[in-house]
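Written below as structure tokens is the structure these notes are about.
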Amino acid sequence: MHDTDDTAAPTNRLRVACGVFGCAGAPGAADVVYHGLHALQHRGQEGCGITTYLDERFINERHPGLVGEHFSNGPLCERLPGQFGIGHVRYSTQGKSVGRNLQPLYADLPGQSGLAIAHNGNLTNARALRELLNDRGSIFTSESDTEVLLHLAAHSDELRIEMRFLDGLRQVEGGYAIVALSANKLMAARDPLGIRPLVLGWMQDTGTPVVASETCALTQVGARFDRDIRPGELFVTDGDSHKSYEITPPRPARTCAFEYLYFARPDSVVDGVQVYSARKTMGRILAAEAAVDADVVVPVPDGGVPAALGYAEAVGVPFELGIIRSHFVGRSFIAKDQSARTRKVHMKHAANAAAVAGKRVVLIDDSIVRGTTSRKIVELMRKAGAREVHFRSASPRITHGDYYGIDLSDPKTLLARTHPTDAEMAAALHADSVGFLSIDGLYQAVCDAPRDPARPQLSDHYFTGEYPTALTDRDAGRADRHHQLSLLEEVD
Amino acid sequence: MHDTDDTAAPTNRLRVACGVFGCAGAPGAADVVYHGLHALQHRGQEGCGITTYLDERFINERHPGLVGEHFSNGPLCERLPGQFGIGHVRYSTQGKSVGRNLQPLYADLPGQSGLAIAHNGNLTNARALRELLNDRGSIFTSESDTEVLLHLAAHSDELRIEMRFLDGLRQVEGGYAIVALSANKLMAARDPLGIRPLVLGWMQDTGTPVVASETCALTQVGARFDRDIRPGELFVTDGDSHKSYEITPPRPARTCAFEYLYFARPDSVVDGVQVYSARKTMGRILAAEAAVDADVVVPVPDGGVPAALGYAEAVGVPFELGIIRSHFVGRSFIAKDQSARTRKVHMKHAANAAAVAGKRVVLIDDSIVRGTTSRKIVELMRKAGAREVHFRSASPRITHGDYYGIDLSDPKTLLARTHPTDAEMAAALHADSVGFLSIDGLYQAVCDAPRDPARPQLSDHYFTGEYPTALTDRDAGRADRHHQLSLLEEVD
Amino acid sequence: MHDTDDTAAPTNRLRVACGVFGCAGAPGAADVVYHGLHALQHRGQEGCGITTYLDERFINERHPGLVGEHFSNGPLCERLPGQFGIGHVRYSTQGKSVGRNLQPLYADLPGQSGLAIAHNGNLTNARALRELLNDRGSIFTSESDTEVLLHLAAHSDELRIEMRFLDGLRQVEGGYAIVALSANKLMAARDPLGIRPLVLGWMQDTGTPVVASETCALTQVGARFDRDIRPGELFVTDGDSHKSYEITPPRPARTCAFEYLYFARPDSVVDGVQVYSARKTMGRILAAEAAVDADVVVPVPDGGVPAALGYAEAVGVPFELGIIRSHFVGRSFIAKDQSARTRKVHMKHAANAAAVAGKRVVLIDDSIVRGTTSRKIVELMRKAGAREVHFRSASPRITHGDYYGIDLSDPKTLLARTHPTDAEMAAALHADSVGFLSIDGLYQAVCDAPRDPARPQLSDHYFTGEYPTALTDRDAGRADRHHQLSLLEEVD
Amino acid sequence: MHDTDDTAAPTNRLRVACGVFGCAGAPGAADVVYHGLHALQHRGQEGCGITTYLDERFINERHPGLVGEHFSNGPLCERLPGQFGIGHVRYSTQGKSVGRNLQPLYADLPGQSGLAIAHNGNLTNARALRELLNDRGSIFTSESDTEVLLHLAAHSDELRIEMRFLDGLRQVEGGYAIVALSANKLMAARDPLGIRPLVLGWMQDTGTPVVASETCALTQVGARFDRDIRPGELFVTDGDSHKSYEITPPRPARTCAFEYLYFARPDSVVDGVQVYSARKTMGRILAAEAAVDADVVVPVPDGGVPAALGYAEAVGVPFELGIIRSHFVGRSFIAKDQSARTRKVHMKHAANAAAVAGKRVVLIDDSIVRGTTSRKIVELMRKAGAREVHFRSASPRITHGDYYGIDLSDPKTLLARTHPTDAEMAAALHADSVGFLSIDGLYQAVCDAPRDPARPQLSDHYFTGEYPTALTDRDAGRADRHHQLSLLEEVD
């Protein structure tokens, strides 16, 4: 899943939409949110924002870039006072991630009540709703589908803010984890299938509630994990008392498989499953399904490491750091001559000849998307003297796009589509062989059971083409071109 | 009108809301707008923005700070391509002028048509409309009353964008000069009384239309002045053909007197009146009405210069630059001890002892608001050795607030309120005497006729308390507290 | 003296080298220096720096840009603590004014004593000395001739820092005003002829000494003017006791005439002469020498204003603000087409048609250097409808370069060289006539006496070619190319 | 070697001085240097600089921060043209790493020849030389000991630049790797013992020479490794022809042991030894010397990973990612209350409960310096449910300071000093046991032989107190206080 082309635009990268965090009744809420977002930074690095509430005012700060660049300086809790706060980290999924598209979004609703909202995921009927709202006179000032929810809440006939919000949630479809802040109220909502993760915990010192995309953020802020927000649940709290509403009737979560494969931090527990353990098991099952004779098992860092450990344990072949990953920024400008172009190929990965020269290498990665990086890494291994290079993916073949917040780029460019057989793909990657985890292998690793075709336990459409929800916008052919506005703001 | 307290927060300053500019069918529109805004910079220095339109996309750039800081670098017309553009310079009239409150504003309207809008002035029923719209489900994401207009256009039953806009304009009251941009259309609207100025010109090379707050911007971009936009007129152009709509039936302009006194650049012509000449005449009439024996006439720069020239010519006393004004930024932090405090008093003005020592000085300023700066300047003169210091204001006593885009601070703090007689005011300023232009004197200078009490030729409520429009929000006691959101964004 | 070409590189502008300021024994020295530099900002706007001394440490902050942009934020006296401080504002006279070329410069001298130094002026034997020092093993890390003084002090056989510094000063030639800071000592030195100005004052609250390029800076910080630093004097103070050394035997000052004409702020008093009064007198004498029939007298702002007032008073013709100057930044990028080029011509000056249309205009400027701006301003007047345009310079014809800190650009491009007769020059400027103040007229205005050819009372080489000092480097043909280093640093 | 205290000032961290890179005769030298520095970024992250040479000019750019932040934008080879270039990445070892202390340094030498220099290491007689040079009249403008070398070259009696440089090198003692650039000449020098590493390679396309701190930089730029620069060698090249001088007679390298333990990138080869393999062997030998019964082997990332792999292989216990390291910036401000303080403890490391809960854990780190981080990591493991926590260091006990470019903080605070027995240290870290690699074990891993007490094969003073060179400054008690200057420059 490292289909990053170092030399090209960042659009080739697989991206998850975002991470969200919120707390209520916590002294110094902004500081709690800051630390929570820091632990969720892997979910989005192109923008961040925090909104707090105090004395009938919402205070909002949003910036392009990393949490630690913007919220670690100066007296944060003076800038953003209050005991209620929500925050967001984002990947841009569309165009330039600037100004108006950062979250939390905010709006004044009827009755002079304010609502701030932060969203991970994607609504599959946002454009249909947008057109409807547009026809009713609503105007849109951001490109985000999150704005739709603010309008739906504004148009609700309900009086109380949480009922308005619930009203809105009942009209949207798709995958989402949402935190929202109104006057002295924190709300957290998860989509009816639980595609996107969202967890609830309690601060160990104050006993007040915290919600976050992943458990690792709870640990970071000193909160105890309680439970996952249930699929279709809207959780509302004023810090002291709490109430849950059903957006839809409860059902078991059908979590996005990619959370286990790639997005979640290995130390998180998602819907009851330890991510690190699941990944190691994927490696073990991959070994059972697609082993190859080799001298060393080399992970493609960082994503492939747990699966490679599992694979190496299963086959009894040494695990070696055959690829060194640089964690430093390494953007390259356009190279004019061949010589310069060569230099630019690998700014993120370097071969460790000590580990691979003269060896038969089996590379373990978490996935193969477009194959651009995979091919380069195979080449790196060969240049470093590897005798054979085999490529194994700890996820099944990715053949379909996503509509719930993952940017898989144009499905037509997916390598598993353009090169449907293992032999074709091996040729494309210049690898001696390739192999994939099976779909049942994936389910076995995550759910400890094969896939139930009648009611699949996970969202797995990128592998199967079976989308768990309606795709209203896609089916209506609603194009993406409603984004009429390019925004460049404050980017001094 | 220089009631700036150098050492204190900028809120003591009199501020005009903004300047606007637009062009249609002009190659390199962004460059034309940039130069137009540069010539309007005196109308607002805290933020600026330009929106252009090309190929079904609106491109928007907004920044805190000066036009020349943000739009003079790099290939402007590549960043902001197109032949249609509007722009805005602003003073913040409320809170921090950041991010979301900068203009032009933009919204997607029904029918997927976009509308960008930039506004100088203030709507006196914005809050009433906002509540109404709120009740109809509209949400507000900025603090600006301009956003109301976008919602009104969105809720209109009309189909064509200009008719929708017209619909909206017919519902608002107050003073405004607005430029708006839709797909391949530039629109310009002026309030029914013509309180805020707006002019139309034609590019001398391409013959395409240009609109601007003042004629000086036409000159800057190489355009020929044609006429003032008429009170109550909505002018619509696609660059080739043009059409005017009546928001309200036509009537003579009742221009804001402060445009002549203070806001407009001296080389502009506002509703047929040369600003520079009017100011000189004010000085001459002031001399007739309130002359005093003196050795030198000293203007408070820069605003008082033309009136001081007129005054000096009338009384035959030498005009001297007795006060030197620094044009450099001179913010001061809080002084802890008395000695440091003394240093900070005058970072903007310095006495020129060569011109005033041992002399009887008559100071001419364009106005007196709170008197803070006036008092300091009198003190400066005395310290520099002036024998007598007389203060003359080239405008009448300011006794009432404004609701059309001028921030006169709290009316209760106006010096003419707290010190109603000349003697009291002289004592407050430590001046030997004070004097003001009469209201009829003002009219004589601008309109060449005394004030017509039945139908005053100017807006003059700050002097008379007679407001030219309804003040719906004020009369309904709609407080200012609906601004629930503090925004701090992108302020790296 | 406004030969700025708005559209071209800034190299066409006449530039004075710098302004300097220092204080000793003043609590919050950095704050005092900050305010002093603010009042000297007109002497240099491309860079600024402050050095203070406390507890055996020198603390140095230098920045490109304006004083108010960098030293008005945050707790200045915590960043730069101490009771001793010096500061500098600079124009770059060579290349890019960045990083290493900003002042104050600092060096560790023998005996572990530190010396910080800030310099206005130019040394005419700096390169000869540099070569000598180079041969003795000194290395140079800046392009500044100021660095030579640090090396000379370092090589001195004297023990005490002020004697080392004096030793160095005795070896240099040229024009300079220098402030220097060693451990608990402030030093101020002026060149033997007093070409560059430097004044001494005393803080009114603490009675401690202050030195500055001009008296206006004394006033700003609340100091009482005492006297000019004498030509050839080195003044040394520890805040309590003071001592003067003679670099050379005392003689009357031969101040740079341009200080009176252009550089000094009008409210300053330079070597006993009120600048504002001298300029007005120049205008009066210009009227006597070169009057022309006209309807209005129009100053080229801001430099031409005092002379225009004097001229207008003398001839009894109205003084009018026929040109409006924008004080906002107005950089223009390269224009591609003719239409855009037209827009860019005048971003700094605008004609005020109300004052000049149909009139015979006499323009008064403080000088004519290359004529670029003068020609544009004549054109502006004509476009605004002036019937006749006459140009009068309140200084004599500039025919020679300067070697003491003024950048007059290549002497071969001086308009008075390329167009030696008034008629030729009028044709070049498209003016109906031109005229200049005579050299004796200048002396009369400044010195109240004609020029004494035996011992001229001023430095006037730009008019006469008579240089007051040796020009060692020039005469030895020492080229400018020793600057091998381009520095670009910290320019985030 | 991760003694970073997340919550405290960065001074607790072990730091290597720098990385250097240079190339000659390479088209687009700046681009080559940029990529080389990117691969050396792990050696210093607080500042970076590149100097190139073209047509008798040196062009220099230096910035605080990362290489990728400053040199990846815009047309680098236009900003820094030429075929000769050197570059530097640095850790600040003293005070604030700003402005003047960044490298390369530059100076004009006698004969108008320029010399730029970049330096990794530390000179142990720099202060003695500085005093000597000071007495001869040299002035110092930076705090860097590198500046001494420029002065020594300047004072040399030799004529040719490389002989001058050689002259200087023969007078200094200590550990260093230096690249220098004069007109069309690249020079590279390594200290007589080869304490700091420096390698030579050849561009594969142009066949021109490249020098770098580590081989990983050669690979990054597409260069073939040739050989290590020999201890005491000065290598000089004009791109075509090359020559080596002996600073001192050749002898085998006595490389800094920390290069193998910590500094070098695992894929580098230092003086013939593969760093990755050496680290794994350290782990294996550590297992032989100090094994403990455990269920999982957990590396302290990233430094401890290779040794942990070796250890795990040796003992046959699973290697698990029991600690997750965040690669995002996570600065924390000062926490006011206990609750906030808890949040801040671990922003860099998180426990992975899935791997350690209920297990007996053996932690493998590359070293223990002050123990601050080690203690926190032990605590993390316990909180995550580890049953036992054993700590093993893959380097011997650190008991002495370094004088060759490594900042080991105050030796008195080294944990191995304050807690000399394993039992005491285990108590201090709250670990069940601690253990260290023996010194002979270290030699065995790196040199495949035990330590030769007569002529140790490595520099190992931090473990043994046997310093390989004279320590002139230390022995003379030359204090650090000559740094009289605090510099804050250009830090907008």
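As written, the chains take the letters A, B, C and D, and residue 1 is the first residue of each chain.
Here is the rule we go by: a residue touches a chain if its C-beta (ideal position, glycine included) is under 8 Å from a C-beta of that chain, and two chains touch if they have at least 3 such contacts.
All figures in this text were calculated on a predicted structure; none of them were measured in a lab.
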Per Cα centroids, the chain farthest from chain C: A
Cα-centroid distance, chain B relative to chain D, in whole angstrom: 60
Chain A-chain D separation of Cα centroids, rounded to whole Å: 36
Whole-Å gap separating chain C and chain D, where each centre is the average of the chain's CA atoms: 48
Inter-chain touch pairs (all): A-B, A-D, B-C, C-D
Residue ranges of chain D touching chain C (in the complex, touch as defined): 56-64, 70, 79, 98-100, 102, 105-112, 114, 134-142, 150-151, 154-155, 481-482, 484-492
Complex contacts: residues of chain A adjacent to chain D: 27-28, 31-32, 35, 38-39, 41-42, 45, 66-69, 72-76, 203, 205-206, 216, 219-222, 265-267, 269, 274-277, 305-306, 309, 313, 318-321, 324, 326-333, 337-340, 342-344, 346-347, 350-355
